[in-house]
Amino acid sequence: MNFASDNIVGASAPVLQAIVQANAGAMAAYGNDAVSQRVRERFNEIFEREISVFFATTGTAANALALSSAVPPYGLCICHREAHVIDDECGAPEFFMHGAKLAGLPGVGAKLRAEDVAAYLTSLPKAPKQMPPKALSISQVSEGGLVYGLNELAALGQVCREHGLSFHMDGARFANALVALGCTPAEMTWKQGIDILSFGATKNGGLMAEAIVVFKPELAEALDYRSKRAGQIISKGRLVAAQFEGYFAEDHWLANARHANRMAKLLSEGLMQVPGVRFAWPTEANEVFPIIPQALDQALKAAGILYHPWTELSLPEAERVGETEVLIRLVASWATREEDVRKLLEIASSGVSRQAAE
Amino acid sequence: MNFASDNIVGASAPVLQAIVQANAGAMAAYGNDAVSQRVRERFNEIFEREISVFFATTGTAANALALSSAVPPYGLCICHREAHVIDDECGAPEFFMHGAKLAGLPGVGAKLRAEDVAAYLTSLPKAPKQMPPKALSISQVSEGGLVYGLNELAALGQVCREHGLSFHMDGARFANALVALGCTPAEMTWKQGIDILSFGATKNGGLMAEAIVVFKPELAEALDYRSKRAGQIISKGRLVAAQFEGYFAEDHWLANARHANRMAKLLSEGLMQVPGVRFAWPTEANEVFPIIPQALDQALKAAGILYHPWTELSLPEAERVGETEVLIRLVASWATREEDVRKLLEIASSGVSRQAAE
Amino acid sequence: MNFASDNIVGASAPVLQAIVQANAGAMAAYGNDAVSQRVRERFNEIFEREISVFFATTGTAANALALSSAVPPYGLCICHREAHVIDDECGAPEFFMHGAKLAGLPGVGAKLRAEDVAAYLTSLPKAPKQMPPKALSISQVSEGGLVYGLNELAALGQVCREHGLSFHMDGARFANALVALGCTPAEMTWKQGIDILSFGATKNGGLMAEAIVVFKPELAEALDYRSKRAGQIISKGRLVAAQFEGYFAEDHWLANARHANRMAKLLSEGLMQVPGVRFAWPTEANEVFPIIPQALDQALKAAGILYHPWTELSLPEAERVGETEVLIRLVASWATREEDVRKLLEIASSGVSRQAAE
Amino acid sequence: MNFASDNIVGASAPVLQAIVQANAGAMAAYGNDAVSQRVRERFNEIFEREISVFFATTGTAANALALSSAVPPYGLCICHREAHVIDDECGAPEFFMHGAKLAGLPGVGAKLRAEDVAAYLTSLPKAPKQMPPKALSISQVSEGGLVYGLNELAALGQVCREHGLSFHMDGARFANALVALGCTPAEMTWKQGIDILSFGATKNGGLMAEAIVVFKPELAEALDYRSKRAGQIISKGRLVAAQFEGYFAEDHWLANARHANRMAKLLSEGLMQVPGVRFAWPTEANEVFPIIPQALDQALKAAGILYHPWTELSLPEAERVGETEVLIRLVASWATREEDVRKLLEIASSGVSRQAAE
């Protein structure tokens, strides 16, 4: 039973099928093929307007390329201090942005509040010694599994406009956030001021399918050069494009995300019943962040359940993890089986009972 | 009939089959899966020693990463002035090497001669104003379709050792060169002094399968960081690894390359019979570079045959392309059908005949 | 009366005199002149061993170049979160290090404690997603005006050795720290494990005189190339070298630093007598950080005294600045006149008296 | 007798005097002082319009910063293949431009012809694999000592406008070109389409005085950040500014340049009389490029005259240097004494006579 991540399984059946199907025949190389063309138009439909789409092979590359189009080498990019871009990409954004700096701000559950961003921006000295802020990057779903509401996005978008920042969304779990909010892709992005989006499909059914979606046209101007120069334009472009074709067909992507979120909710509700378990913050998408007794942690591990411990850096001051507790992360995906969730919950309940009995 | 490139078709059947097969089940992410591990060991066998292997998603990324491990930001990398790294990658090497410089030297058929490299190195001023040379990069097969002989490789390797350079081979068409020489992978690489290799499989049956193979251990030290930072470590690493598994199985890769080279030879021998056709240089692997009458060029195009014109920059002075001639490149691949070759040759013969009759 | 900084006056007389004297006659360009040669040898004497010296035109360039020799583009450099390199150089280190990252740690008075650095290093994940730590940079004197004791330096040096880090000292106020400790340059640097030093003279009598002093030989290997490439090798090298000659002659530099520190001590002791004034931390070199009543702040400003407010970021939790207080920085230099210090103290005393009378 | 370069002597008397004079008193740091302000206004007058001026410490830094404002990291900058920026700066432009590429074109005497630049631009593929051209950089005076006429500048400016390129002039010997043409600074720059200029004074009387002069306002937008980040904003800004004040006063700079050019002309006319001496190209500013018999070369060296041999790369095909000839460069400066020129000419004459007598 693997709750460690949503990138541990291969592609879902429709996505794999699409790869196989697109494999046949000669096609123009470097993304000039018919499949890529069709998918680009599909993106336009999904986002209800003309947009620019650039395929990428990893979420890291998508994020770093997106930021490099928004932030000059001498610029500052604001993000949460636990954001994937600042913590988990070995400095890819700094590499692609040519030494621009990421400034990490605090916030519960790895979410940024508009007022905190505004206050930080206002506090920056206006002098050449200070790198000028050029972009804000948020993760939707956040690294803490939280979902920005439309109002929150709009407020951050407003701050960006007031301070002349481009607004980037890391959508590695875009679909999970989307179905959580029950809104349209347009509503969750450009309608709230998002200028550029890393649109991830790999975690939600793809095998390797990422895209940069650009709403502010000037950010798209050089992305083909930047992408080529980053070794991100694969010669047989159909490989990535086909996955998106399978992903979008018959709302497969939304179904996958709904399943993942539902599994997380089951986990969450079940664990809530277990004595001694509390939550770092609410479960809003496909990730659950319970604070559990050490004994339970040991019981789960003993049962062969895989998951990661988590940092308490974004926990509210008042809710620090105690000496006999552990903060963990459980991730559900499109491939998570309900029976595995139930089994985990059983083990959790009995683990605590056993402990109580001792 | 498409002779434009060897990257216009999808994966060969065994490679596609391997992708499908590896898709099932949960596996560790980021290349820590069993398939990736097996393939790394397979590389050891193929190269007859312990080596380090890093997977990449494009040849451009493989080249740029390889060079970035060998050349510091203030260093110079020598290559042919028509090399892929200097001409066709939108500056990816300069990006990955952080502004290091590529110096392009001349040479017939895009091949470098050891004596020319040595003379250039000797001519460089020894002063801080001069970026110090740190690597030599060659393409095997060359951009002109030529194959370096083992003696030629050894001579270049010797120059590298004498001047303290790392020796990089861009092996986008590694298999084609290998079967042309009839030697082992070890003989064509580290036994002649190659320190680091871009090992391409995409053009010869892969869908997206590239690897960096490192023979000089210190060049491997930071490649995992560099690769992550370049957005080149895909989360579902099995995708690339599985392709290599299919590629290597039952010498499928060698069979593919032999077929491609044979098709090129057929093309070459057939065109040699056509009046007015001469060759820029010999056909040694899977690419043919004939200089043809303009009328024939038109006839081939009229028949719907796809191919690219080529630059005469690396042609010997005495053999310039005449006013009524065109230098073209025809590429054969594992997927080229013999009947298409024969059809092309027929059209070529009759095209010239028609012309003669007019 | 200007207590805003130690870079607001020109060169001291001996330094200016040295510039004028070295101006005459033809000399080899780019630092190959006799003056530069003499000064390099003088540095050897001062540091009691063979070292490599590279001149620079700004402290920012010296720091950034020094760090670029110690930290590869994918590496991490640890410093205090208020360090000059992270806060006041518009990202110069990130530029020169090609996107390497600065990680800022907390510490009272902008000083780092060895145990905090060690704990941070131990906490870092060992995985390609985590940029590997490669250097520690400290400022001696710290941004908070504090001086690392020899034991503290040795402890940090020990942490560096244990974790394979290079150890950099930003010595913009090197002389002020040196006379504060009453030790030799060797004792304050390489004998405690410092590998590379930014040696500043501009604030202490120079007009524009900075040097990078390298103790670990491999860090010097490429610094001539890096320096040229950064536009830091001035053609008439005598300009900078001559300043150092004047600076070192007859221990002029130490006399200057002693004067500056004494003026700061006078300021500190005087302010200590003023009711309502307390100190953020002790005065150890040439900078004073008092927390003063707002009324006093206004009185000083009204009297035309120039200085900067300071951040309370590195203040101990228990000593936060109150609502009616201001934390300020007063800087003394070699050019500060004792009468100005006395005048400031008088104003401070009377300002508070007046306030009390009201 | 030193004809090796124009950077081997110190500052001229008025420039040194200005440094000494500006040394006294407290002034705002980082270029916010009164001297810097006055000099910026003086630049406006000299160029007959509002311009932006940024001081730099070396010509290399000025060039690299100027180009970095005009060329994005994925862009191409065209220059002569012997230009200082491509050949003598250890890759500073590539560093500051973050890996953008310099493309070096041929041209007699290191001058570019508008038609060659246009032809090159037209030949570039329009595809993401091709870095898009973004700037043209020329040197006025050229590396071969030639001066672009106003018509030639205008023609190049026209090519730049047509292809959307920024137009950069490396004016390390700006004054020498200016007095050679007998035109105004405005006529030699923005009136012919120059967008950004490296204005050098160091070779013509300065000690270390360089400036970037920006005519196209958008190129100035981020130069303060870029400059700070490159460690180019010295804290005691008066040092550079004062030199410019001395340099411009009473047309000192023009007098210096006229003297240097006159000395070069004397040299040139004298050598023309020496049997066996011919010229690579005409003497137009302060540098002379004679092709002399080897025997004469030995005689000059034996007499202790210092100068550099030169490359024949930019010599017209028909005028290759013979086996018994040497191409050399003689540089005159504001400090060259007429008697030294006469002495050299005497030695040259007698050297040849002696040779003839043998």
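Worth pointing out:
By written order: A, B, C and D. Residues from 1 in each chain.
Definition applied: a residue touches a chain if its C-beta (ideal position, glycine included) is under 8 Å from a C-beta of that chain, and two chains touch if they have at least 3 such contacts.
Bear in mind that the values here come from a model prediction, so they are computed numbers and not experimental data.
Across C-D and B-C, the chain pair carrying more C-beta contacts is C-D. Per the C-alpha superposition, chain A sits rotated 180 degrees relative to chain B, a value rounded to a multiple of 5.
Rounded to whole angstrom, the centroid-to-centroid distance between chain C and chain D, based on C-alpha atoms, equals 36 Å. Each chain gets one centre point, the mean of its Cα atoms, and the points for chain A and chain C are 42 Å apart. Look at where the CA atoms of chain B average out and do the same for chain C: the two points lie 52 Å apart. For chain B, residues that reach two or more other chains under the stated contact definition are 73-74, 89-91, 95, 98-99, 128-129, 131, 225, 228-229, 233. Chain contacts in this assembly form a complete graph, since each chain touches every other chain. Taken together, the chain C residues at the contact with chain D in this complex read 2, 5, 7-11, 16, 19-20, 22-29, 56-62, 64-65, 89-92, 95-96, 202-203, 207-208, 225, 228-236, 238-239, 335. Those residues of chain D whose C-beta lies close enough to touch chain A in the complex are 30, 72-74, 98-99, 128-129, 131-132, 222, 224-229, 233. Chain A contributes residues 73-74, 87-91, 94-95, 97-101, 128-131 to its touches with chain C in the complex.
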